[in-house]
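Some structures to go through are shown next.
Below are two complexes that have chain A in common, paired first with chain B and then with chain C.
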Partner chain A sequence: MRILSPSMAFRSLYGPWVVLPALTLEGVNLLNRHHPYLGEGAWTVDWLAIPLWIIGVVAAGVVAIDVARLLRPGSRHLVLTATHRSRLLLWATAWAGGPLLLVHTLTLITALVAGRVNDPSVGWAQMGAAYSVQCLGLLWFVALGGLIGRFIPPLLAGPVAVGAAFLTVLALSGASAGTPAFRLLNFGGATITLIGLRWNLAYLGVQALLLIGSGLFAVLVIPTVRGARLTLRWPALLTLIVIVAVIASATRWAPPGHRTVPAAAAAPTHCLSRAPVICIYYEHRRDAATIAATLTRLESAANRAGYSALVSDRLEESSRTYTPTRAGTRGFPHPSSLEDTGTLDPNELATSLLTPLTCPQLRDPAKPPPDSYWLNLESVVATWLHLAGLDPASAMAGDPEHISDKLSAQKVTSILQGFAQCKLTE
Partner chain B sequence: MFVRCTGSMTRYRSGFVLGPIDLTFAEGITCLVGANGSGKSTLFRMLAGMQSLTGGGVEYDDHGSRRLGFLPQSPELPGRATCREFLHLVAWVQGVTKARRTDAVQEALAAVCLEDRADQQIRELSGGMARRLAIAQAIVHDPAILLLDEPTVGLDPVQRLSVRESLHAAGQGRVTLVSTHLLEDVRGLADRILVLSEGAVIFDGTIQTMEDLVPEAPVAGQSLLETALTLLIRSAE
Partner chain C sequence: MQAHGVIIDLQVLRAWARYHATVPAAAVCAGGTTLMILGTGHVLVDIAGIRLLSPLPIPLMAAIMLGFGLSMASQPDAVLGLPDPWRVKAARAVWAISSSIGGTVLIAALDLHVGSGPTPTALIRNLLVGNGLGLLAVAAGLGVLGWLPPLLLFLTAILFGTYASAQTYNWAFVLRPATTASELATTATIFLVGITAVALRPPVPRLTDRRI
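And now, the complex of A and B:
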């Protein structure tokens, strides 16, 4: 008979059943928001981190109950007097953590296969590192639940572990991800493309070390009976205090920087042979037809109407680190409307193409461009949409007066020449 | 092989003190008798290493390894597992090698006459069978030291008899301690009796020497052993 036989584990423990909420949450997340991550390896891995904290909190509660049940007076001898004292608790913990890892791995494989990810720009090794840290995070929650279950009766262990896990999520996850501080439980959760970024391996390395160290302690520590209570021996208690202190102070000593950092700038390589040439990143090739159709419609309309300033030789998707600067080439980021709703907003695309991204004024939050810049931009975008037979009013939330008037070709040229020279203040 | 307590002592916050106890337990069945609250279960936990000592120590001579079987007073068994599955798990926890595990489980089931119930779910067993299974989990790894805390409590007379037979078979060839407050268990099992009262050992001997403590005929309605125990506990108070 195999000790790892699932039948006994499923009949004797609650832990393996955590696979059901995990499957549900991972499945819902997989299909959420028209699965915009599909095709992009890095984004897929990061996207799959979205439900991990909920799964972790639930798993911590369930494992705490299992471990507390195994340490009731009628069964604790199988831990406290056994030849291998940690085996029974490891068995219970593994039967919660193992299925969770399986579900997470299968979800990732499903997403990668469905997205036909075969050559991720970030590299398989980077993806593997980020995925491994996510798995360690899931196991860490399981270990946390087991640690709490060692000292609290089964009825209380579940709620206490859920509460404790939730508090650790609040304290140690990416709630304040805007700051470049280290967060032990920040496993990702990107809702926009990650092209142009790579993971900070030093950050992931410290995360992995802390998760493994503290997780192993939580899984292997054996309590002792003092009076009628289960407690820790002094060396174990001191170790626990040190671990908590190390984790709590990690924001001070861990390597500075975000979890993701800029990657080397790279131009998109998936180009469509049209006039103009349209290039997008290979990872976004499934959106190529949609984006190209709208771009071609805009460009053709401007060309026909003689608005030469709106016409480009080449249109390239930009990234966090790449913005096309060659003459005759305009850039546009991966449209957020596609990411959010699954349909492309022409206004967004036109605005992206006309926005002078290289101008420093647009990157200085302390000194934003004047209102006149925004009015000019909206007027030109509205003109372009008019030319393409698209209704700017339905697509734009601006002042109806200036988006209903079509600017002359000369005026558009003048405004765009100003943008090209970064003169945004006139 | 033996277990030796040297000045072993433990103290509860409630004020209850067990010990200091200086005893050596050798091969054979020793019954530990005493009223409720006399410290029997505490002494068992102390011997099993599950209770922190406030003084003294417990020494095990088991040829280098401490193979200990323990039956708690109210064993918690996984009701939805089968007897065989549960014993396999315990055997693994107790370090029985994979090659030996199936035989060890079969032998433990045979020792408590549960072979025909091996693949039955534990929740379907009667109280007596469940207690025999609990004994099987204590011996599945062939421990040198076996501690059985109130193994027959809560059972009807027929179940008690069958459990006692299992205990007798299980207790042979090892250091076996049985805690009980049922003197019929003592008569059927013990090579040696220890009487505990308010945390102290007040008698250590055989059934015969304990019965010899009764100077006259036993009290009406009591056996010689019961009268001896009553006398011992009263004199200790």
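And now, the complex of A and C:
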């Protein structure tokens, strides 16, 4: 069959050409925001989901046009459509979905190789599961476009499919994912590290089942000609109604919980032998030199100036589930300044180290700590930055007058002792 | 009807409208206008679980859709293979410009400016951008894909056009609720290139159907 050949597909269908915007969007996403995900397996997979909804919406529109043209008389496919109509629709869909999967897979491999991901903390199987659901999601959009193209004329099929795909993205993708409800089209898109989390396999499983079931229906259903219109037979229509109802009610019956759930607490293992010892998660090792340089500068400055309360024996990166609690050890999360801008903000790092994360007052949004706590914290951070020869005013958004005052070593010790005992009101 | 030596034959006008995809265009325009009216005062704060760095006013999106819909009206329904004298070229330009003026007047008449929402000028800017890009697709013989350039521009701008301080890059100006002179100049260029392309090159639907 000539329709199988790539040259025939590229000449007669629009679907294969979706690979061009897909390649561009995946490439731009790969390089966007200083590629902070590089090195971390789970984050890499999740990051690659960011442009999937655009690619899906575009693919739905293009495939809708292809299918609409194949099903209507008068098209240049008249000869081809005379026989094996259902097989032609399948090939048209495959010629859109296949290249998209290829692009997504190559992008993932490129990102994993560039980040030297060799021992992901979540494991390869988890990453494979999340990636598979993303691929199913892409194919689902292609199938949705094909379904719409079966009933709408070519010129309107594109806009209608795009509108429908966009609305499904809004309705089924889990805006902000604030509540732990099931969302069929939530494929990820994390912009911060996922260390300390793993994927909820029950969630991914239900996603996969629904995507496969509804996608297969959309690909296989063949409309019947009734007068000048194309319609569905009543069993197919009934099946469609059931599928829509099942998807719409999935938030009620699907397993509760977020798409990602806490993993077992694990301390960082990539440690640098220096004073103090600095430990970072292995998957963040490419940031180790940058973080360690700033940490060493801060610690050395405090040591030289006699601010012993600021000096630690060990500094450890924390995660969503791990916070160091041993005496003499301070923790800091992966700096968001590195994730957002690619440059490390010393103020953020100093603030993280001094924040008493184990205190319950900081975890109760109903009873936030008083202003005096924040003033004390900012003053100690400003003092530390002063000692290290860094300019607090350029790094901090606080009142320039109070952050220019350098606290004495005794005052810093007193404040930090209070923090250690969770006395945040003095 | 005759005025100042110019004859406007309503039958010819009706035939011209029927020859083009005026009905699908009207359907898309109706959708865009409805979205613009219903979306006034509303913003999108996140899409696909990704929180946007700055909220996106829905009317800006609807204006692009309205602009693309207007460009559909220049898509011919059939390939006639007739001669293409300058008067036909001029008629195509007038037809496209008239539909754009209609959309512009509609936005101005609706006057949907609310609070810090997009100004009518910003909506007209987006309409003309969507229209110009759609017309380019029509002129290239890809009328069924006319929605693709404005859609890609707008969605890519949503995803990659804003940076950390909620500012938009210049190429993503379609997200801005107000306009600047340089944006309007860019918009005018896109629109005029689209109009010129449609006027000079007969929109031959290379891969589209004879009947839509």
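The rule is short, and it goes like this: the second predicted complex is superposed on the first by the 409 of 426 C-alpha atoms of A that agree within 3 Å, B and C clash if a C-alpha of one lies under 4 Å from a C-alpha of the other, contacts with A are read in each partner's own complex, and residues count from 1 in each chain.
Here is the rule we go by: a contact is a pair of C-beta atoms (placed from the backbone, for glycine too) under 8 Å apart; a residue touches a chain by one contact, two chains touch by 3 or more.
This is a predicted model, so every value here is computed, not measured.
**Student:** For A:342, decide between first (touching chain B), second (touching chain C), both and neither.
**Tutor:** Touch partners of A:342: none, neither chain B nor chain C.
**Student:** Is A:368 in contact with chain B, with chain C, with both, or with neither (first, second, both, neither)?
**Tutor:** neither
**Student:** Is A:69 touching the first partner chain B, the second partner chain C, both, or neither of them?
**Tutor:** Both: A:69 reaches chain B and chain C.
**Student:** By the touch definition at the top of the document, which applies to A:156: first (chain B), second (chain C), both, or neither?
**Tutor:** second
**Student:** With both complexes overlaid on chain A, does A:185 touch chain B (first), chain C (second), both or neither?
**Tutor:** Second partner only.
**Student:** Contact-wise, after the overlay, does A:87 reach chain B, chain C, both or neither (first, second, both, neither)?
**Tutor:** The first partner, chain B, only.
**Student:** Contact-wise, after the overlay, does A:6 reach chain B, chain C, both or neither (first, second, both, neither)?
**Tutor:** neither
**Student:** Per the contact definition in the header, classify A:306: touching chain B only (first), chain C only (second), both, or neither.
**Tutor:** Touch status of A:306: no partner.
**Student:** Determine, for the superposed model, which of the two partners chain B and chain C contacts more residues of chain A.
**Tutor:** Greater contact footprint in residues on chain A: C.
**Student:** Based on the A-chain superposition described above, do chain B and chain C contact any of the same residues on chain A, and if so which?
**Tutor:** 12, 69, 72-76
**Student:** Going by the contact rule set out above, which residues of chain A touch chain B in the complex?
**Tutor:** Touching chain B: residues 1, 3, 5, 7-8, 11-12, 69, 72-78, 80-84, 87-88, 91, 224-228 of chain A.
**Student:** Quick check: in the complex, which residue numbers of chain A touch chain C?
**Tutor:** 12, 14, 21, 25, 28-29, 32, 50-54, 57-58, 61-62, 65, 69, 72-76, 153-159, 162-163, 169-170, 173-177, 183, 185-189, 191, 340-341
**Student:** What part of chain B is in contact with chain A in the complex they form?
**Tutor:** Checking each residue of chain B against chain A gives 12-13, 45, 48-52, 65, 67-68, 70, 72-78, 80-82, 84-86, 88-90, 92-95, 101-102, 105, 137, 141.
**Student:** Using the touch definition up top, name the residues of chain C that touch chain A in the complex.
**Tutor:** Contact set of chain C toward chain A: 21, 24, 27-28, 31, 44-51, 65, 68-69, 72, 75, 143-148, 151-152, 155-156, 159-160, 164, 207-212.
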